[in-house]
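Please go over the structures that come below.
The two complexes that follow have subunit A in common; it is paired with subunit B in the first and with subunit C in the second.
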Partner chain A sequence: MTAKDLLPIAIFAILAALLPVFVTAGTWLNFAVFTLILCLAAQGWNILGGYGGQYSFGHAAFFGTGAYVAAILQTRLGINPYPGFLAGIAAAAVIGWIIGFLSFRSGLRGSYFALVTLAFAEVFRVLANAAEFTGGAAGLLIKLDVRPENFQFASRGVFFWVALGLVTVVLVITRALERSRLGAQLVAVRENEDAARALGVDVFRVKLSAITLSAGITGAAGALYAQYFLYLDSSIAYGTWISVEALLAPIIGGAGTVFGPVIGGIILHSLSEFTKSLVGRIPGVDLVIFGVLLILVVRFPPRDIPGVIRAWRKR
Partner chain B sequence: MRGFPLEIVLESVANGLLTGAVYGLVALGLTLVYGVLHIINFAHGALLTLAMYAAWVAWSAFGLDPYLAILPLVPIFFALGYAVQRFVIGPASRGDDSNILLVTLGLSIVVENAMLAVFRSDTLSVQVPYAMEVIEVGPMLLSFPRVIGFGVAFVVAAVLFVILTLTDTGRAIRAVAKERTGAALVGIDVNHVYAVTFGIGAACLAVAACLLLPSFYVNPRVGNAFVLVAFTIVVLGGMGSVPGALLGGLVIGVVESLSGLYFGDSLGQLGIFVIFILVLLFRPTGLFGAKA
Partner chain C sequence: MSFLEVQAVSKRFGGLLAVSDASFTVAEGSITGLIGPNGAGKTTLFAIVSGFEAPNTGEIRWRGERITGRPPHLLAQAGIARTFQIVQPFAGLSVRENIAVGAFLRHPKRAEAIAVAEEVAARVGLTEELDKPAAALTVSGRKRVELAKALATQPKLLLLDEVLAGLNPSEVRDIVPVVRAVRDSGITVLMIEHVMQAVMNLCETVHVLAQGRIIASGTPAEVVADSAVIEAYLGHGAATRLSGGAHA
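So, the complex of A and B:
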């Protein structure tokens, strides 16, 4: 990794960091923080799905585990939220490793991998809804106690910087992965698993590393969500919506690229706010547009919006 | 685990079998599409939701009994399924597994949320005089709509079996399922057969929707409850197998009913997911062939 690799990331981080200086309206900052949290979840998906070609339909399993572990440690055990946050990431990574171990050991690929991840996420949702220590169907409320040492900030701007910091760290991790041996092996597995194996790549180990990293990052998004909104229930934390969001953003913005999930996340959520201002609060309209966008992006290669722009500029 | 009197367990098994037949019908469409097109249709649940809304509209706007609504809805959904495969899924997939996955996911997002935008998230149901009627069989009381559903599901399966074995279209479908290139070489229009198969799958959903409506409810997310169940049945019964889908449906219906009885409703679903995961993990090659 050279300075040139990091330059675009640095420029993005500095420009984005200026946002709270100019934008102080609560609703806009709220929107920006929420978008960044979803970008983070999508960055996690991108490691496994974008670089590794393993399409998970169940990243909610990792998002929810990160969120619940971070929330439960402080509400039930009184542990400080910062170590709780790290524990959330670690727990999500462990869940990722277990799901990866089971499914990759069984040789599940393509649609079957998508199906099994979806089923795992649903199992977690049903369990979280039924168990006592997760607050069951009533959900889990983190006590409002605004102190920086308590990971709660009076200003939304500070939260924005925390979220931006995490997104930036993951951008650097993703770039480093791209330049690493593991990253090259991962792309080889995506392009042709059998050929990669024939060339001596330990396919199982590579996929397992990818899903663990991927789950940890999406778990961080979940833990941050819990810390920002201070409320969780099973259909938020383990709901299908987050699995779909985490997948849509990288596909639309460019799967298997460093900035893809961030670009996609920003496009999707700007579009969603724009439709809401246009048609009012009719539920579902923004998701209809997401779905149509997904179909169109797949229908017309090169399968992402930056690709469409590149193809258009080349003409 | 609590102990229950034998009659209650028997009744639970019987009710599970009755519901399971309709599950089997939902799975029938899915397994047929898989067997012929070799695609996993993630939009299957959303299409079921759409069919249930269609049956609900037929009842609330035109006063049509859900069982009679089968007659207009089957051709409508056949045409819809044909068009979706021919003009959306087919062209977008370009034969790539991950593209099909994403396109059918996109379709399900569009359909589900369009229903949400139009009908909002309220749960709707139909009021028919026979909804609460029961039939006494020995010591058991069986719900009338479920008995009808059971019977019709088997009739549909039989009709489908006849179509597949005796008609030219059925032979073409089986030929394409076995050997696509060979079928194309002898002059079968493969894309047409794909679309017909998808249309039959959608028509099965239309029947299932009309059978479910009198004893069930409809909301924009109702299809999700069925789609994982249907996938479970399909992997359990063997991908692409028509009798497997029906048998798998009955098994899953009983499992769901019994685990609901013993573990309560919220944990009852868990049994299905666990079976699904276990089958996928431990019998993947046996059930789907060597490569997924």
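So, the complex of A and C:
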């Protein structure tokens, strides 16, 4: 990795960090924090789906695990939220490793892998809804206790910076992955598994590393969600909505690129907020927008918005 | 102890016996050919040697060690690399990145892997194409990429599955010296080939496979005169008809 590789990330982080200085309205900052959390979840998906070509439909399994572990450790066991946050990431990574081990060992690819991940996420949702220590259907409330050492901040701006910091760290991790042997092997697996094996790539190990890293990042998004909204239930944490968000943003913004998930996440949420403000709060109208956008993007190669813009400028 | 030894290998796909009791050896430092009519089982035999298929019976020995059924990535690490008859480029990547995937096997650092990739590209004549997407190359270019990826893993044994198929005569003339240079750099080559011009030119030893069996082995000149080989290619009785035709 060179300074040139990191420059765009640094520019993005610095410009974005100025936002709370100019925007102080609570609703706008709220929107920005929420968007960043979803970008983070999407960045996790991008490692496995974008770079590795393994399309997961169940990243909710990792988001939810991160969220529940972070929340349960502090509400039930009274553990400080910072180590709890790290434990959430670790737990999500372990779940990722287990799901990866089971499905990649059995050689699941393509739509079969997608279905299995979806099934895992649904199983977790049902279990979390039934179990007692997760608060069941009533959900889990993290006690409001606004102190920085308690990972709760009076100002939304501070939370924005925390979320931005995490997104930036993952941008750097993604760039480093791109420049590493693991990254090259992961892309090779995406492009042609047999050819990769012939060149000495241990396909199973590479996929397993990717899903573990991917799950950890999406787990961080879940843990951050819990810490910001201080409330969880099974359909938030393990709901299909987050699996869809995590895969739509990278696909629209450019799967297998460093900035893809962030660009996609920002576009998606700006559009859905914009539509909501135009037509009012019709339930599900944002999903309609997501669907239309997805159809438009996959209709025209290169199948992501940065590509469409490049194609336009070439005309 | 032979460099590579294929011992009584058989492979069955359902009712089809693709390879039947095939045995042959490859000497270190040689260019050995594996020829035979279409459907003879050459590619299946290659898949077995390179670990993509496990044989039903028989074994493969590599420098005295039994490697039967070992997965391809471990064989690649041990020094056996292969190309595919139907080229398998990483279509979305540049030529440089394609070759680098092979180079990463022995060079974990990106800068080194890229340097090795560029050096290998120069050996096979791809320097001009390094920045092009692999999907944009001609057939001849893709065959070179296929060869370069395998070479970049720095193998001791290189299995070439019809690298010359689909090339025009002048392109064949261009690649033949590349293959010879590969051998001269110390890599043993086992090649499946249909282009007889190249086989006669390159190979010291040729094994002929027909209907899953090895029916002849020897120098190229010996096997093309072998009556069993002529019959395998041209049909039963062809050898006698050919020699009879010479009398008339």
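We take it that the second predicted complex is superposed on the first by the 315 of 315 C-alpha atoms of A that agree within 3 Å, B and C clash if a C-alpha of one lies under 4 Å from a C-alpha of the other, contacts with A are read in each partner's own complex, and residues count from 1 in each chain.
Everything that follows uses one rule, which is that contacts are C-beta pairs under 8 Å (C-beta built on N, C-alpha and C of every residue); 3 or more make two chains touch, one makes a residue touch a chain.
Treat the numbers as computed from the prediction; the structure is a model and nothing was measured.
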Contact-wise, after the overlay, does A:Asn192 reach subunit B, subunit C, both or neither (first, second, both, neither)? second
Could you look at A:Ala184 and tell me whether it touches subunit B, subunit C, both or neither (first, second, both, neither)? second
Who does A:Glu122 touch here: subunit B (first), subunit C (second), both, or neither? first
Kindly classify A:Gly200 by the partners it touches after superposition: subunit B alone (first), subunit C alone (second), both, or neither? second
Between subunit B and subunit C, point out the one touching more subunit A residues. B
Looking at A:Phe57, would you say it contacts subunit B, subunit C, both, or neither? Reply first, second, both or neither. first
Applying the document's definition of touch, where does A:Ser106 land relative to subunit B and subunit C: first, second, both, or neither? first
With the two structures laid over each other on chain A, which partner does A:Val298 touch: subunit B (first), subunit C (second), both, or neither? first
Show which residues of subunit A both subunit B and subunit C reach, each in its own complex. none
What residues of subunit A sit close enough to touch subunit B in their complex? 53, 55, 57, 102-103, 106-116, 118-120, 122-123, 126-127, 129-130, 240, 244, 247, 251, 282-285, 287-288, 290-295, 298-299
Touch list for subunit A against partner subunit C, complex: 179-181, 184-185, 187-188, 191-192, 194-203
Which residues of subunit C touch subunit A in their complex? 50, 52, 71-73, 76-77, 81-84, 88-93, 97, 100-102, 104-105, 108-110, 113, 149-150, 152-153
Inside the complex, what are the residues of subunit B that reach subunit A? 39-40, 42, 88, 91-93, 97-103, 105-110, 112-117, 120-121, 220, 224, 228, 231, 266-267, 269-270, 273-274, 276-277, 280-282, 284-285, 288, 291-292
